[in-house]
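Across the two complexes that follow, chain A remains constant while its partner is chain B and subsequently chain C.
Presenting the complex of A and B:
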């Protein structure tokens, strides 16, 4: 079998395993979704009935909810691999450890996209925003932003997997590094909500795209050293 | 098959291995005995390419285990203290996952075959988290031999097994040994180790301090030797 076919087969096997486990337990999705909803509810109460102010901060609330929910998902994913040291079993079967990174990152993308799709209508109702009018453009921002969160998150989740204070270390590393991505995603989403088009937010989209490419390349370069004991 | 020269491993200020030299021919079954903290698990982890030596060379089947780890890994079957299994998957799904990772052909037949070897066919569709510790260990054995490894690394393989499972594992090791599979096993059980392995070694404070053919050593003599080295 050629190297790329083996690589693809291993990515798919890892991804299928993660999604099957999640489908059975629904642990990751439930915690991410409930947490996101709580963040939105708390902000909704904190801001009050000022409709204009709510519209201004809505995109920030959504991306904060997604960033923090991402931490929860990553912690649970890491925990799944460290129970019974399954990560070592996986490493023994891998030809290229990048397959593990890509599979974990894709699984995180799936979880975050589902959470994003679930919280968007709720935000629409609570914040009185018509997302349907700009759903296509918001979809592009969501996919690129969530991809970036998943790339950086997976990278740091693997770095902190064997650290003692994993629950503290992961958000401490992940959240500051993802700040440029979060800011660009918040501004891009806010401008789309305000009625602008994709052409108006091309700078933010470019920034998110560059962030994704840089961190994806970096992750592939260093991942072998990260998973090594 | 296995060639180690001057292998040293440091963990910060602690030295786990202090210059291990070891040669093992294809088809040998080596039992490594030693007290807790002797460095047996570290040695097996280095052989399994799961840890890098701080110094020295490790060659397995002619490949450098550090530089060519991706060529060495498919040759290895590893049974560790932990099972490497996923509790929310069934036994069949766990083996299917590892089989796909190794790119095995005729996977269904092979899974049935290894499940028969460890006597878990009847529990194949049961979630692993509902298994007893002994059943999990037996499934871990099935996982370790699933991809026809040439070198089997067993770290305290009898831990957590009941008498029936111990007998099965014993028979399996004898069978694999007869099939020219090279086996390295760490254990505290002197009697069982001497019975099953054709070569024995004592590891103490990060060094192999004694090595011999098991056929030239009787149990009492070995117990005395072990006591003298380990204290």
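Presenting the complex of A and C:
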């Protein structure tokens, strides 16, 4: 009982440390947000002025923006930890290294959720989509999808921390492995935008849920092997 | 169903890796079987009525894809074993299987479009099986890049993690892409009720082809593993020579 309490305390302490640093600099959020806005604007130019077409591809654009922003955020987080070997210090202080994984992943979830909340209204205005009508269901898809992106992303960010070409390796590993998640999230969001209900997208939701559970379990199992010296 | 049968075959053929006979005999047997398979494909097996000579690429295409899936399964098993036992040999197996798997996966991605162009009228379609193969190819190319890039001591462990994650991803990728439209021919090898859609001549030719590809795979695997082990030995020797007292 006390062991799990210590574990929880360590997770919360690490998460608070990351969020506090981020609150003071706002470095990661700014780069993620501006980058995702850029992605959306560039896609808007690529698609053209056809309003109907834009409505159809909007969910894809949103999720591409989120996963690219996620790569950017993970790189910044990784950079912060590798500077002055602070990762080693954190690991020495920990009872169980998976606390680090969970804290890093939750921090990433928080950043992505805030970015998602900021770009949704922008997309609503630019692409003429009424998100408010289905915000509850879209919220479920967003939370589950972002959780999956963060789990896989954090796992690979900890791996690529030790590679030379970090900026190249992270997207190379992260994007293909998260393909099922991207497909399911994009289509679930698209169907919600098209006016369907939760019952129509239950397949996609369960796919995202299974992805989250499988990779969370797997990440906890292998995380020790990644960080141990 | 198609992928399931592939996984099944890959699991059955897996113990072959433990057969350690003399490699020259293995090479001779492999050569004879490959020659026999080629003869069967071009002389014995009849031309398919609808597709004509184009259909013959099926023997190489499906055999390559079974081989690629077996290789990726082997990467998965070897990665788990490496993380568990921490033995260099398993790491060598994983790396060799991944390299060969990428080669065969590339062959699948080349032979597929060559067949699809005359039959479907298009080089490529985003059908589930094609998409799965392409995504797998990307994952295992990233695996090889990770092995080249990461700093030495932890590289094997990172690669092992990716080897496990990549294989676990397969059913999820398949699940997600299957929600798309399906254009890929349904497996003719095994149909509902356990009957096969292929005439005996074609089935026999395919079976021989599959055996030939498997022999080739395990031969390459053996050779690659022994190269890695030799490299390791040379490194150890070089280290010893460097540390010799001079004069």
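Going forward, the second predicted complex is superposed on the first by the 228 of 229 C-alpha atoms of A that agree within 3 Å, B and C clash if a C-alpha of one lies under 4 Å from a C-alpha of the other, contacts with A are read in each partner's own complex, and residues count from 1 in each chain.
The criterion applied here is as follows: a residue touches a chain if its C-beta (ideal position, glycine included) is under 8 Å from a C-beta of that chain, and two chains touch if they have at least 3 such contacts.
Just so you know, these numbers come straight off a predicted model, no measurement behind them.
Bringing the complexes onto one copy of chain A puts chain B beside chain C with no clash.
Contact with neither chain B nor chain C is seen for A:196 once the two complexes are overlaid on the shared chain. In the superposed model, A:180 lies in contact with chain C only, and not with chain B. Once the two complexes are overlaid on the shared chain, A:118 sits clear of chain B and of chain C alike.
Of the two partner chains placed around the shared chain by superposition, chain B is the only one that A:17 touches, whereas chain C remains out of contact. In the superposed model, A:90 lies in contact with chain B only, and not with chain C. Of the two partner chains placed by the overlay, only chain B lies in contact with A:25; chain C stays clear of it. Here the vertex is the CA centre of chain A, and the angle it makes with the centres of chain B and chain C is 90 degrees, a multiple of 10. Touch criterion not met for A:143: it reaches neither chain B nor chain C.
Of the two partner chains, chain B is the only one that A:9 touches; chain C does not reach it. Superposition on the common chain places the nearest Cα atoms of chain B and chain C 5 Å from each other. No residue of chain A lies at the contact with chain B in one complex and also at the contact with chain C in the other. By the touch rule above, chain C contacts chain A in their complex via residues 83, 135, 138-139, 142, 145-146, 149-151, 154, 157-158, 160-162, 164-166, 168-169, 172-173, 175-177, 179.
Those residues of chain B lying in contact with chain A across their complex are 45, 48-52, 70, 73-74, 76, 78, 80-89, 93, 97-98, 100-103, 143, 147. Interface of chain A with chain C (complex): residues 152, 155, 159, 162-165, 169, 172-173, 176-177, 179-181, 183-184, 187, 203-204, 207, 210-211, 214-215, 218, 222, 225-226. Within the complex, the chain A residues that touch chain B are 1, 6, 9-10, 12-14, 16-17, 20-21, 24-25, 80, 83-86, 88-96, 228-229.
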